[in-house]
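The structures considered in this document are given below.
Two complexes come next, and they have one chain in common, chain A, joined by chain B in the first and chain C in the second.
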Partner chain A sequence: MTEQTQAVENSSPSSGPSIIRIITGIFGHFLVKRFLFFLFVVWLASTVIFIIPRLSGQDPVKEKLLLEAQRGGAMQTGLDAMAKHYQKRFGLDQPIWIQYSNFLNDLAHLNLGVSIAFFPRTVNDIVFESLIWTLGLMGTVTLLAFVLGTLAGAILGWPRRPGWIQYVFMPLLTLAAIPQYLLAMILIFIFAFKLGWLPLFGGYAAGTLPELSFAFFIDVIKHAILPAFAILFSVVGFWAIGMRGMMINMQGEDYMIQADAKGLKGSRIFMRYAVRNALLPQVTGLALVLGTIVTGQVLVERVFSYPGIGDILFQAIRLSDFFVIRGIVIVIILGIAGATFLLDVLYPLLDPRIKVGKS
Partner chain B sequence: MSTEQAIETYREGARISDVDALVVDGLSVYYETEGGTVKACDDVTFTLKQGERFALVGESGSGKTTLAMALMRLTRPPGHIAKGSVLLYGHDLTKLTDDEMRKARLSEIALVPQGAMNSLNPIMRIGKQVVDGLLDHLTDDQSTPGKEELDDTVRDLLTRVGLRPGVARLYPHELSGGMKQRVAMAIGISLQPKLIIADEPTSALDVVVQRQIMQTLGRLQEGLDASIMLVGHDMGLVAQFADTIGVMYAGKLVEVGPVEEVFSDPKHPYTKLLIGSLPSLQEKREFLGIPGLPPELVALPPGCAFADRCPSSFDRCSVDIPEKLNIGSRRDVACHLYEGEAQS
Partner chain C sequence: MTESVTTPKPIDPTESDGWNQFNTDRVQPIKRYALRNPSLIWGCGLVFFLMLFVGVGHVVWDTEQFRPLSTPTRLAPTLSHAIVKGGELTGEVKPFPFGTDTAGRDLLAVAILGTPLTLRIGIIAGFTSIILGTVAAFVAAYYRGWLDGAIRSVVDVGLAMPGLLILILVRINIGRELSVDEMGLALGLVGWVFPARTIRAQVLVMREQAYVELSRLSGTSGMGIIFKEMLPNLIPYITASLVGSVAGAILASIGLEAIGLGNFSTPTLGMTIFFNIQFSSITLGMWWWWLPPLVAIVIVFLGLFLISSGLDEWSNPRLRKRV
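Presenting the complex of A and B:
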């Protein structure tokens, strides 16, 4: 993932600016290298999504029209003509390489096409709208869970913690074993259905329109609390258990023993020696998870009818809305590749042993 | 040989005064395990004068490091100091509160670890790792020194151990093993401790660097008028460096004496075999080992722990545990063979 790269020294001006040298310099630079790799991953993954459906040999337009015709019991005459028309509309009558180059061109312009099920809305519109809900919920919950879980794990893995702490945290961590959708239903049953404290479903009150107002903001928060907790409880445990393990491993490190032998204060050893070192793998984990939050939580979003990307993905699959599915998959690819790229760029700042550039 | 030395030594420039720096009396470190009590360090008694270099030798698992850690009260559960006392200039370290003991570490009693290994925090600059020890030992009436003052201190310390001041800005992985060992020494002397415990400071270093490191360590110790306890199993190194040697076997200190005497006239059969196993330049011969294995510390034989491997053992050895016998000036041995020579 990371590698030692030698940045090219400033090319000497006396020998004249060597274009080749500058170009190899730029391409040799760590950031450029990582970015090119990012583009490569996105291209490769997109190509796979382009090819796979075409290997099935099915005609999505015809399938769709046939389905509609059966459902409506309408006459089937003119179906072929309609299919031709739509295929032209979607560019499916073109030779495959033209389809491919159109696809790449659209992708480069971040144009994900038009939805079949929600025609004529564009995939961009649909994905972007639901992405905001998912990122708002999942982004917040993921970061919160990371901070809380890592903190809990750090304390649990610290031999000098007060003894009672494990009796508080450990039962909490067992919640991690309950599947999120089950926890979601339990929460809905208790807090929304029985107690009626919080809304049952949705991202905002039915009948209102999203607007920038304080009342709407409060409404959104109210709707987000239960899904947030359903996810939070399970994910906190995940982070806490990982961090706890790292902290316990850390106790055997020579530099931890030496920190004690130096007579350092407990708080300094905890933060600067133990937590700081144990955090490194946690951060790697966080970056990878951040990449996947764009996938949304299909099950949790379904249970709460939350208007996030997971819910849209579910509907798109149900309605065989191929273009929306593809759009979401591309967003996921961008998310994961982007997070990996970000991690590559940021990690050397956290761990000096991973060094790039300057020799 | 200088006559003003409190104890006998051939070391040039030694300044050993007749002040007891460290008096360890009956120190025992036990590990409570499911299989029983492991006596990792049992009834260890010895004295170090101010300015003296004491070397603790013994094979792996003989309790050297356990003893060193116990002196700093760094024994970790399930281990604990079962009995005994550790007097550093008259103050019993075993009686200090945890916070008093924390403050005593580095300022009174410092550990120089195997720096070539992993003893430095990998993600902290060297300068910072030198400074944090200083900062955590400020007394209540001392104000936090400014950045420049700290930088000066670090520069001075690094120079004293033979490093460029620029090393302060580097991370541990950017240093060689020898440089890391020097950093470990710089940290160790940063608060002018009275006792330096050097736990195998030169293992994992090549012989050229070993020599330089030991010279530096010796120079620093002399400069501070501190005593030093060297833990190691390199007999050659010990012979050159130390004034006094203590031999550990199965958690017990079986022989103590001036280095020259112990090497020329070892008393305990284990010491004899240990010294006999050293290769010699004068004659080419087969490597000699000590047959058998050290006993399991959890199930020690009833008598002497070395009896099974001892060429001179007799009936009593497998019945009675030999007591420490004083057989000369600063010369102790725990062996039934010398009962007749004991001075009381």
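Presenting the complex of A and C:
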């Protein structure tokens, strides 16, 4: 960016065209382009989310209120207030473009609406409370899986590895073919039900309240081990398979032969020549599978009743709490789009062949 | 019409007797290739084994017992007829080799019916997404221009939005349960972006190849090049991504069902998993409830995974070097 703007300033002293060129330069800039695409994804996704309920011709709020009225449960008391609240909140009698702009405006302020099932609580409250659990678990696991899987794949794709490694890692790779939530069930059965080493479900021991103490921290770790491993195993396999393929493709390359001919140490060729180059497509892969990892985790959380957004999503579906479901979908899409944007921004740092600023 | 210019092989009357000739011409190379590509064979074998179980099951077992309340509840798997309580014979029932669940379903019947239903979702979704994806990929990569830009941005946006989440929203708004075929179709409609992206990349590489160039110079139309030159060469790759799509769709369908959005009246593997989670069969110690669907799903995924890596090896010969 700096190089480009400098070049622009040097070449054109006259102010008129240079401003246009700076503007086109900015819009042609890699980062700006990527950011615009990020906004585009978010906008399109929210539009789809806005349109879907209108297409089906059903009103989730009315449906829910009707359902509750039929059940005649404890919800009866809040019905009037709720109905009024929604009428005012969404201006349902207003034309559709005003509803649409209201919706976008709310989103821009990260206002996800109000829960139907837990009426006075906002969706923001519910979602962000559980998001901490999900992000904590997922962040650790994804990072760990990326490192471990890439390393395993690199070793597997390396022709000069010891022979026994294949027999250790190959069975691990087949785990990539097993859905995470099934692995979760198997792990629960073995380590929680049969052996009783780890807790069966939840994010912390039932009856305790989240607090900042060492004992609670240990408890949280204990509860996180099984869900973490359920996700870790299958994701590790994914990375290892991709990396192995890249390493095999790398073998015939000229620079590999040259490094070999120079008499470099095997470890140096491995790390600096093979792994360094095979790593790049892996990073792109991370952006592609992020969605799968998130949805996989949502289901693992469901199996473990882990207090993350997966469990909230299940509860919301059970209670047909449309706004919480919508809120979770929006948050996940925002998260994935944001992470992809970040990866794209970081990519040029890893790959010097890509020049930032060139369109 | 131009006549074939290849000279026919001189026919040796002693050798050309039907099957033997066919055997050496056709079967031998396949056999030799199969030995070189064991993962393809293992994968096909696993899926075949599962289909065999389903086929034999439909013939010999009463599959109507998949309905709730058709059997005594919570029976552990047994082959004996007697119900023994406290050391006393209290009654006689049909044997249930896979046991029954808390709602009184015969789990063997559920396994026999559920496995093909789940595969059906996967196959419908897989074909839908591959056909859509291939068409989009060819249109984008062959004709380029604004069409390519439009398709690419739709694909990029689609990749950023997990299909499962969109399906959850759609399903919630439809407000009724989807049938097996509808779910397959819905999964296919959101799942085409990934094959579209990967196939597009393949077509882009291919259209620069010498034989495509030659075909274009000799006046073949765009459609002709696509159907006669490119598509046949991409068949192994497309088949591999079809298998991947089927696996992905099955994964997503089970996910959708596990989270409570399945069809409660069809005994698919995913619904069985849902009931297992719902009634916490693991903590009840009812291993016979969760084990069969789990084993079936693992066999399906392992089989598809092996088939797709076998096909990968076929379409990408570079992978054949040292595995």
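Points worth noting:
The definition used in the following text is that the second predicted complex is superposed on the first by the 301 of 359 C-alpha atoms of A that agree within 3 Å, B and C clash if a C-alpha of one lies under 4 Å from a C-alpha of the other, contacts with A are read in each partner's own complex, and residues count from 1 in each chain.
What we mean here is this: a contact is a pair of C-beta atoms (placed from the backbone, for glycine too) under 8 Å apart; a residue touches a chain by one contact, two chains touch by 3 or more.
Because the structure is a prediction, the values reported are computed rather than measured.
Superimposing the complexes on chain A yields a three-chain arrangement in which chain B and chain C fit side by side. In the superposed model, A:Val41 makes contact with chain C only, not with chain B.
Angle at chain A between chain B and chain C, computed from CA centres in the superposed arrangement: 70 degrees, to the nearest 10. In the superposed model, A:Arg268 makes contact with chain B only, not with chain C.
Looking at the shared chain after the overlay, A:Leu232 reaches neither chain B nor chain C. Of the two partner chains placed around the shared chain by superposition, chain B is the only one that A:Asn277 touches, whereas chain C remains out of contact. Of the two partner chains placed around the shared chain by superposition, chain C is the only one that A:Ile49 touches, whereas chain B remains out of contact.
With both complexes placed on chain A, chain A has more residues touched by C than by the other of chain B and chain C.
Judged by the touch definition given at the top, the superposed model places A:Asp260 against chain B, while chain C stays out of reach. Legend: residue contacts after superposition of the two complexes on their common chain; A:Asp351 is shown touching chain B, with no touch to chain C.
Look at A:Ile309: by the touch rule set out above, it reaches neither chain B nor chain C. After superposing the two complexes on their shared chain, the closest approach between C-alpha atoms of chain B and chain C is 10 Å.
Shared contact residues on chain A (touching chain B in one structure, chain C in the other): none found.
For chain C in complex with chain A, the touching residues are 153, 156-157, 159-162, 164-166, 168-170, 172-175, 194, 247, 251-252, 254-255, 258-261, 273, 276-277, 282-283, 285, 287, 290, 294, 297-298, 301-302, 304-305, 318-319, 321-322. Taken together, the chain A residues at the contact with chain C in this complex read 37, 40-41, 44-45, 48-49, 52-53, 55-56, 58, 60, 63, 159, 174, 176-179, 181-182, 185-186, 188-189, 193, 200, 245, 248-249, 251-252, 288, 291-292, 294-296, 298-299, 302-303, 313-314, 317-318, 320, 322, 325-326, 328-329, 332-333, 336-337, 340. The part of chain A that touches chain B in the complex is made up of residues 253-255, 257-265, 268, 272-273, 276-277, 280, 350-353. Residue ranges of chain B in contact with chain A, taken from their complex: 72, 74, 102-107, 110-111, 113-114, 117-124, 132-133, 136-137, 171, 173, 184, 187.
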